[in-house]
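Below, each structure is written out as structure tokens.
Both of the next two complexes hold chain A, though its partner changes from chain B to chain C.
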Partner chain A sequence: MKRAVPLAITFLTGFFLVVSFFIPHEPFGELEQRLLIWFAIVSGFTMLLGVDNLVRAHVRRVTRRPAGWGHSVALIVGLVVTVVLGVIGFVRYGSPFHIQSPFMFLYTYSIIPLQATMFALLAFFIASASYRAFRARNTVATLLLVSAVIVMLGRVPIGSASSHVFPAAQEWIMNYPQLAAKRGIQIGAALGAVSMSLRILLGIERSYLS
Partner chain B sequence: MGSLGTIIGTWLAGFLTLAILSFLYKDNPFYKLAEHIYVGVSAGYWLIYVAFFDVKPMLWDTFVTETGAEKWIILIPGALGIIMLSRWFPKSAWLSRWPIAFTVGVGAGLGITANIQGYVMPQVAATILPVTGMNLVSLNNLVLMVGVVTTMLYFYFSKPQRGVLSWTAKIGIVFIMVSFGASFGYTLMARISLLIGRLYFILADLLHVIG
Partner chain C sequence: MAKSGDTKSFWERMESIDRRVIFLILLVVVAIPLVISVGVEIPPTAPVIEAHEAVESLEAGDVLMVSIDFDATSAPELIPMLESVLRQAFEKDVKVVMLGHIAIGLPLGHVALEEAAAELGKIYGVDYVDLGYRPGYVAVMIAMGREISDVFATDYQGTRLADMEITRDLHSYEDVDLLFGFEHGAVIDYWVRYVQARFGQRMTFGTTAVMAPDAYPYLQAGQIEGLVGGLKGAAEYETLIGVPGMATRGMPAQEWAHLLVIGFIALGNMGFFFTRRKRRRSAAEAGQA
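Right after this comes the complex of A and B.
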């Protein structure tokens, strides 16, 4: 019951999805769409588990009061305020995502700047990492350095102002060698995912049951 | 929100932006505060997003509007979702394996069909390109084909990389390093573009130093 039922559910769900792909007619044709909707609903409930975990961890910090526990208060308050504003937006405007909803105010003036600044901050760390990584120690490291420099110069005005070669070279690198390696890696990863999926469906890979 | 709301919002966004950027000096309480607010607000945002765009239209609205068998069939994923919450109760936590098994099954099923249909086939089709004579298009197509094949061979570890396989793997690593370098440069420029956006916000919207 504890292992056999989940294994059967996994096999049957995956099997019907594969069958519906190869037999796009009734009763299988509609099955893929239906299972995807079910998947979205079940995944929605997992969000509750995730938020519950987060809140529990930080409530524990607030009750035990280690150093920096005040930040946990900020996290909980941020979460609660966001959810409450979402509910208010839904009740007053019919959707939390209505342009006049206070939820969208919070999104515009806190989530967008926080997200953008977090990623902008990475520019400094990437630049610092590139200083260490971009040392022309051998041929392949030099290739990494040269292609990165060409792509960077080819995408900024100073590059095209200094020579028309940079924009053309960066376009060629992005369209051919870069695309070729990316494609090779993607095909390999997709084939790996297919084999892993088969292992899961056939019950060889069972780590998700632990 | 009116103009007062815009002013308050701009100051809030300005404070949060500067708090995050303060990490460039060193780890400090302002950065920690903004970081925790970010996590809390993001978790709340995604909770509302999933509830409003997934659970409400797919489960609740379907149950309310549909008639006949459909009305009751939609309760199956609803029940699976509720069973997922059995993890909160240690004695019945094992029941949560059922909805997990369902999501893993859907993921595995899609892992086969979507990967073959969405990745492998289109990528292979887009790689097998005509090489007709000595011209630039043919040369570029050849570069693309050689690059894809040699990159894949570089990651082929079922046989020792000796002889021909060694040479193809060496060509593969050339493509891989050029690709990593290009991706690195591309990512750095994207991040710098975001940084320019944030600096522009501080100088123009918050401080009105520039127009």
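Right after this comes the complex of A and C.
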């Protein structure tokens, strides 16, 4: 019973959603809309579960004090400050996202610079990794190297200013070899998703129950 | 006694430059063009021209839905193109409906929207609205195809959609003339698969340079109208609307950084070839001995 009921719910839900995709009329259309709204509500609750899990894990680290437990303190303080400022913004301005809300101050002068800094570091690692990885060790590596250089030159103004060949070659690489590989990957992934979905709907794949 | 590192030849050194040296040189090369303004010509490419024309095809009173699907990590690439699109739309008296699927990024879009609206004298609830964020993006996208107020009952401030002029008659994608998504992840796939393919929604996208290749299949298949890719795409868009901004100012830095990386790759490969030849020669001499 503990397995049969979830399997039946999964099959019926999946079946009705598939049918409603092809027959969006009543009663399937209305049923699909209701299920989608439920899904959005459940997604909201998963965020609460995530916060609960995060807080529990880091409170445990603070109480046990393993190496690096100070980072957990920073996380908890950051979380509490963000929530408090969000609530103040909601009470005073009707929304934490109001331009004058204290949450937006935190967002603009703390969250944005932190995120931007993390991502900006990537430029340095990419420069170092490109220098080490793009070596003409064999034919395939040489093809990759030449393609990378053409795309890099074609993507900046000096490439088009020095010769019309670079932008044209860059466009060709993006439109044909790159696209062919990308389509192959996407078609493979889509077939895999269809296959996995069918396995779940038919009850063959049951790992999500454990 | 000299250390073994001191006996390295020039090409051996070029084959293994310390990454801290690369970081330092890159920092200098990126910083100089940002400090000293260097003008560059940025001719627009076909995908950006198509995206610009898609917005240009809208008429006064039409609805442009703008989706903020990025966060601060991609802001330097995507905010300039967002600002350009908002400016272009507001100048044409197109109504802008903003929403987002990345909760932490939506305030970035909101700030850009408020700034553009203030600059061009637009009124909230009449000329533009921010619907905010709802979790479960695939469900949200599909449900909006039937009734937008089923998922967005209110805007980000809690005002009911029925109480605002701009959203009073906004019910589904049939009431949206163009969707312009700003993407740094896989949300673009869901927009195309679930909204373009199912509801036939006209859409175009601005993406980070890293994500642009993922959008090319949709562009070539005609599922999306135009593509603005990365900082260069944003700079091209600024060229098209005739208002140079952050992207145009950032292009020289990107240009110099690309040239530096190409230079390092060339040095690394020369070092690799010369040291390999040297190693082979030494091995042959050792074999003869």
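Heads up, the rule we're going with is that the second predicted complex is superposed on the first by the 207 of 210 C-alpha atoms of A that agree within 3 Å, B and C clash if a C-alpha of one lies under 4 Å from a C-alpha of the other, contacts with A are read in each partner's own complex, and residues count from 1 in each chain.
Criterion: a contact is a pair of C-beta atoms (placed from the backbone, for glycine too) under 8 Å apart; a residue touches a chain by one contact, two chains touch by 3 or more.
Since this is a predicted model, take the numbers as computed values, not measurements.
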Touching partner for A:Gln178 - first (chain B), second (chain C), both, neither: both
First (chain B), second (chain C), both or neither touched by A:Pro167: second
Partner chain in contact with A:Tyr107 - chain B first, chain C second, else both or neither: both
Partner chain in contact with A:Arg135 - chain B first, chain C second, else both or neither: second
Most chain A residues touched (candidates chain B, chain C): B
Touching partner for A:Gly94 - first (chain B), second (chain C), both, neither: second
Partner chain in contact with A:Val194 - chain B first, chain C second, else both or neither: first
First (chain B), second (chain C), both or neither touched by A:Arg60: neither
Touched partner set for A:Ile76, first chain B, second chain C, both or neither: first
Touched partner set for A:Phe16, first chain B, second chain C, both or neither: first
Common interface residues of chain A - those touching chain B in one complex and chain C in the other: 21, 36-37, 39-40, 42-44, 46-47, 95, 97, 107-108, 111-116, 118-119, 123-124, 126-127, 130, 145, 148-149, 152, 155-156, 174-175, 178-179, 182-183, 186
Chain C partner contacts - residues on chain A that touch it in the complex: 21, 29, 32-33, 36-37, 39-40, 42-44, 46-47, 94-95, 97-99, 104, 107-108, 111-116, 118-119, 123-124, 126-128, 130-132, 134-137, 145, 148-149, 152-153, 155-158, 160-161, 167, 171, 174-175, 178-179, 182-183, 186
Chain A-touching residues of chain C, taken from the complex the two chains share: 17, 19, 22-23, 26-27, 30, 40-43, 45-46, 71-76, 104, 106-108, 110-111, 114, 130, 132, 134-136, 139-140, 142-143, 146-147, 150-151, 156-158, 198, 209, 212-214, 216-217, 220, 230, 232, 251, 254-255, 257-262, 264-265, 267-269, 272-273
Of all residues in chain A, those that touch chain B in their complex: 2-3, 5-7, 9-18, 21, 35-52, 54, 68, 70-72, 74-83, 86-87, 90, 95-97, 100, 102-103, 105-124, 126-127, 130, 133, 140-141, 143-152, 155-156, 170, 172-191, 193-194, 196-198, 200-201, 208-209
Of chain B, residues touching chain A in the complex: 1, 5, 8-10, 12-14, 16-17, 20-21, 23-24, 29, 32-48, 50-52, 54-55, 58-59, 74, 76-78, 80-82, 84-85, 87-88, 94, 97-113, 115-117, 119-120, 123-124, 126-127, 140, 143-152, 154-155, 172-189, 191-192, 194-195, 197-198, 201
